[in-house]
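Structure first, then comments.
Residue numbering begins at 1 within each chain, and the chains themselves are lettered A, B, C and D in the order written.
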Amino acid sequence: MVADKIAVAVLGATGAVGVRFVQLLSRHPLFRIAALTASDRSEGKCYAEAAHWVVEGEMPAEVREMVLLPTDPEAVRRFAPEVRAVFSALPNESAAQAEPAFARAGLLVFSNASYHRMMPDVPLVIPEVNPDHLDLLGHQRRARDWSGGIICNTNCTVSGPAMVLRPIYDAFGVRRVFCASLQAISGAGYPGVPALDITDNVLPFIKNEEEKLEAEARKLLGRLEDGTIREADFSLSAHCHRVPVIDGHVVAMSVETERPVAPEEAAHLMRTFCRPEVAGLPTAPEHPIIVREEVDRPQPRRDRLSGGPVGGMSVVVGRVRREPLFGERGLKLVTLAHNTIRGAAGGSLLNAELAWRRGILAV
Amino acid sequence: MVADKIAVAVLGATGAVGVRFVQLLSRHPLFRIAALTASDRSEGKCYAEAAHWVVEGEMPAEVREMVLLPTDPEAVRRFAPEVRAVFSALPNESAAQAEPAFARAGLLVFSNASYHRMMPDVPLVIPEVNPDHLDLLGHQRRARDWSGGIICNTNCTVSGPAMVLRPIYDAFGVRRVFCASLQAISGAGYPGVPALDITDNVLPFIKNEEEKLEAEARKLLGRLEDGTIREADFSLSAHCHRVPVIDGHVVAMSVETERPVAPEEAAHLMRTFCRPEVAGLPTAPEHPIIVREEVDRPQPRRDRLSGGPVGGMSVVVGRVRREPLFGERGLKLVTLAHNTIRGAAGGSLLNAELAWRRGILAV
Amino acid sequence: MVADKIAVAVLGATGAVGVRFVQLLSRHPLFRIAALTASDRSEGKCYAEAAHWVVEGEMPAEVREMVLLPTDPEAVRRFAPEVRAVFSALPNESAAQAEPAFARAGLLVFSNASYHRMMPDVPLVIPEVNPDHLDLLGHQRRARDWSGGIICNTNCTVSGPAMVLRPIYDAFGVRRVFCASLQAISGAGYPGVPALDITDNVLPFIKNEEEKLEAEARKLLGRLEDGTIREADFSLSAHCHRVPVIDGHVVAMSVETERPVAPEEAAHLMRTFCRPEVAGLPTAPEHPIIVREEVDRPQPRRDRLSGGPVGGMSVVVGRVRREPLFGERGLKLVTLAHNTIRGAAGGSLLNAELAWRRGILAV
Amino acid sequence: MVADKIAVAVLGATGAVGVRFVQLLSRHPLFRIAALTASDRSEGKCYAEAAHWVVEGEMPAEVREMVLLPTDPEAVRRFAPEVRAVFSALPNESAAQAEPAFARAGLLVFSNASYHRMMPDVPLVIPEVNPDHLDLLGHQRRARDWSGGIICNTNCTVSGPAMVLRPIYDAFGVRRVFCASLQAISGAGYPGVPALDITDNVLPFIKNEEEKLEAEARKLLGRLEDGTIREADFSLSAHCHRVPVIDGHVVAMSVETERPVAPEEAAHLMRTFCRPEVAGLPTAPEHPIIVREEVDRPQPRRDRLSGGPVGGMSVVVGRVRREPLFGERGLKLVTLAHNTIRGAAGGSLLNAELAWRRGILAV
């Protein structure tokens, strides 16, 4: 029954990630959209008029007429006092101010912005990778004297590599990781990449992406000890490229482990990887990692909608083989993750579901 | 004057590389096309009717009416006894038989096929990288009792990395190289990649490509000693991908050198890299390597036609920086080479020009 | 219960339309796949090995191991005697022989091939457009002395225009129709259009397409009288183009009616167009024609999966306005239909459901 | 010698059309760039820093360091008093004010903006179509009391159809024209069309485009009488679409002539169409219209750079055939014109060359 669902708001609901949040929340069993906010430009317009609905399917009827509020906790509270959590698709500049304001006002902020990700007291979480990092929230609340809090998801590009590294790191340790990404255009938001720049072309640079990939991977795989994340002690280096693909980030990886590893063993660990903490959550895929046997998979167009009730929540892996440059400690493989689902809105949503299961978030 | 030009034939002239040969030879100052061959299916047709003219510009008027011969030295000799050299755009299956037949018949074969590339007595040459390997030809002739011979160019993907590694290898030594390629669809020939496979997609596998990349790079950078190539002693590992780009292969590289290297120094060496043996040849670019300063270059559509009178003969490099995973011996950069010009027909043509300068090829 | 479903076979199951048939039939409430056939090349292989699964989602588990039979009624009968109908995704050359053989053997053939479409005794049917043409089947059976029969769906490009013309023709009459199509690459099958031909390009010619469009539109909108189709008496002229789009054919139309027409009235008729004969069939969309109000719709990527339980069964129309060149008898609009669903496999499937409802097809 | 060239400025030099002007002017035999202007945002920056160089090849060395001036006649005069003409790549909003200001200041403005195109005293000129309309300039100068003046080129989409209609109109008269366009993304400028909107998609709407197409075609083919353009008396109706193509607008046309026409005759007239007034001008193509015989041409990627010393100045026509809906007075064909060369910067440049030949423009 709708009255029993947890009321949530989407901040920055009109952009590429915002519409994905709205799409995923529209038939969600735990949450219901009670408010939508937008930038000044769109404030006061109805959602159907202002949103760039760049995702599949039609805009849900129930949000079409919702009036866009300013991105301000007072406005949201006044309009929908029952809101308990917000999903933030804000650009970094706005997130810096707005997200703490909502947290201060007692709301849990599930953020897709990068601004707070690397702050020491902010949990950066992929539920299957580091569910216990959610406990940082207590420290954050005490330190900042907030009754709400901020929980971040990751950069869209790191979601595939981090998921894949989790079972490998746990079983064999990881020293060094080379990554080369082939990233979809939706990763740059809307309007984002001009067609004149990317048609029949590759852009071999994405601002700050290579830095984020390394920093976030180390935090995600780190250990929470005494209220602090000890970053995982591997190095990661990335070459990031934009390619003419709508959705789905491919990342080729060469991994040097601490201990010898057989590719078949690694493939088995990935294939059977799962987390009891996450299993059965509404948005969780049955298999967080799908390992394909065909020589030419994963492919973005064909595999990006794999996994989970909404599709796009599994990381798809292929070509698991020996990395000869690292000898018996070397693994070579290619990963695919849907950048606006697993790597953005779907990831935040799963974070909120995890918080709900842990009792941090309730009606 | 035409009479003074060296008469040549193009073998397999109707496919993607074949038409590029015809395009580049059509206004060449040293060579003139005296014969064209094709597979049985097209034999006897006129060139305009049978060729897949998938390159820029119009088919040159002088070849439109040329009748396609069978790919057989006797047929070529009978039709054009003055032919001294052939450019082979044959598929591997045909090259295995046909190229030795032409060599035995006294013709120099400049081959774009991979079949003979790794044979110990066959020169695999990029003129700026290893011009002296051409001397293998003498050994080949003696060993096989041929009056002609086979000279191979490289796989289209290796041309960028090998060019870039030359000055780095000579100055600092090279231990390990990670490569990730983003390859254009023209690399698969015509009809090649179905649009249904590559539109809005990436294919993370290209058959045999990763193997060729390593093997050819080691041979290209190897040393000719006593009639034998001693392969360069580095390891190279590649992740190869096909992307929706018409022409131009991007290869991201992480290089571990033997000795410490400053990225600025490496950039300087690449920028000033040149070979007196090659300078001034008709198809040679002034700068074999163009190093760009912009953060987001090279890009295939914008940079692939760089260098040389015909365009597309320079390797374009960008983002030369430190590879942190290899510390002070680490270099990170991205390369672009036109796969059907520098990496195929243009490369073979430059090999022939080098042979001409060395006196191996004359009217 | 599976035992109660009608057993069917798919002929030519490995190509672009064949896999779409398999996808749509895999969870069908009335039909179940009992046999799959392929060309000689694939015969004897298992489906997973031989099929080009170029549609969304995974290949259904239950067909992966099915062994491909030769396209021959005896082979199908021997393997699965319970088969009552076959869906034909055969190329024309094979359809010419094979489809009559199956019909002679007592099976109903729902064909996607063009070979029999224009034969006077073969029903060419879009259920919402001309359901009564199915009655031609009786004449066909008598004339050819078949216990089975052939029922054709239309060319993929005509499905949009024909659907749209139905209510307009009935209300206002139609004299002349100008069409310009922008057709997706999947319309050419697999491998179909080479990426080298269509990337950053338009092909302004599709063989026989303009002819089919006119002929089929006239037959579809014709009247069945005394066992003969009297073709509708309008003229239609088309300009056909291939564009770099995966799925979804756009057709811009300028229609001259017999009687004055107001665009709003035409839009209303299209929006409310429905057929009781078809309503409620498993694959039928609630609205055969969806009329959109936005100025820039329909768009293939965003609208092609509209309508019906499987998606892609509605024709989406936009920009309904006055065609000034025809004055008060002029309509101008743009249509979109999914070419491999409504325009191919989905259309045939709906024909079979209609046949089932009419009692022609039973367990 | 440079000193003898006519000094010109480019207004709005940093955008998609602006860079094309700079590219075409950089090696021009009559003109030399003496000043470049930009919007406030870029004013004061050097050109290399501010320009979006989205055209082929490198930015010419001589403009890289030029400082961008405000778009103001005083600023241009102060910086380069020798400037005689300006090429305007301004957006409409700026053109409305700026272009008259430059004309008032005594400069000839060759404008690519649409703002003044349909004004009765402003020549809208394609040199091969209506060179005599340039005489309107005298009326404009008298009416507005300007010593300079404004001469417009056409909308990029109309350039193909107008060129093709000229010989047909003159020989057979024209009553009605149906057009369907498939327009390239560069027609929308830079950044222009988001890749998220056009990848794997068609946009069936371009704002104001259909209206411009009709209005400008009628003015272009009109007659200048007593200082007034009498518009040509045909009707034209267009369906405009954006497709995923970089450059080159395709327009399919169905033409109803006044008098009977044989397609072969029309093809001959187009093929031999030329204007002595234009022949030999530096940017003029030898054949304003190239008629191709292949069934599947013109294609944007393969034909857009046809004609003229710079390429892209010819209109390429194919599939000239009977339009059955118009009977013996019907023609059907498809045209291609490079939208940023013939349809924009190249068109304006040719207008300026025509003005020079007529003595209106001098050093």
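Assume a residue touches a chain if its C-beta (ideal position, glycine included) is under 8 Å from a C-beta of that chain, and two chains touch if they have at least 3 such contacts.
What you see is a predicted model; the values in this text were computed from it and never measured.
S.K.: Based on which chains touch which, give the shortest step count from subunit A to subunit D.
M.R.: The least step count works out to 1.
S.K.: For subunit A, which other chain has the most distant CA centre?
M.R.: Between subunit A and every other chain, the largest centroid distance is to D.
S.K.: What whole-Å value do you get for the distance between subunit C and subunit D if each is reduced to the mean of its CA atoms?
M.R.: 43
S.K.: Between subunit A and subunit C, what's the gap in Å when you average each chain's C-alpha atoms?
M.R.: Each chain's C-alpha centroid was found; their separation is 40 Å.
S.K.: Please work out the Cα centroid separation of subunit B and subunit C, and write it as a whole number of Å.
M.R.: 47
S.K.: Please set out, as single numbers or ranges, the residues of subunit B touching at least two other chains.
M.R.: 199-200, 244-246, 301-302
S.K.: Considering only the defined contacts, which subunit D positions touch subunit B in the complex?
M.R.: 56-57, 199-200, 246, 301-302, 305
S.K.: Under the touch definition given earlier, write down the residues of subunit B that touch subunit A in their complex.
M.R.: Residue positions touching the partner: 176, 178, 180, 182, 199-205, 235-237, 239, 241, 243-246, 250, 252, 254, 295-302, 318-319, 323-325, 332, 334.
S.K.: Once bound in the complex, which stretches of subunit B touch subunit C?
M.R.: 16, 54, 185-186, 190-200, 244-246
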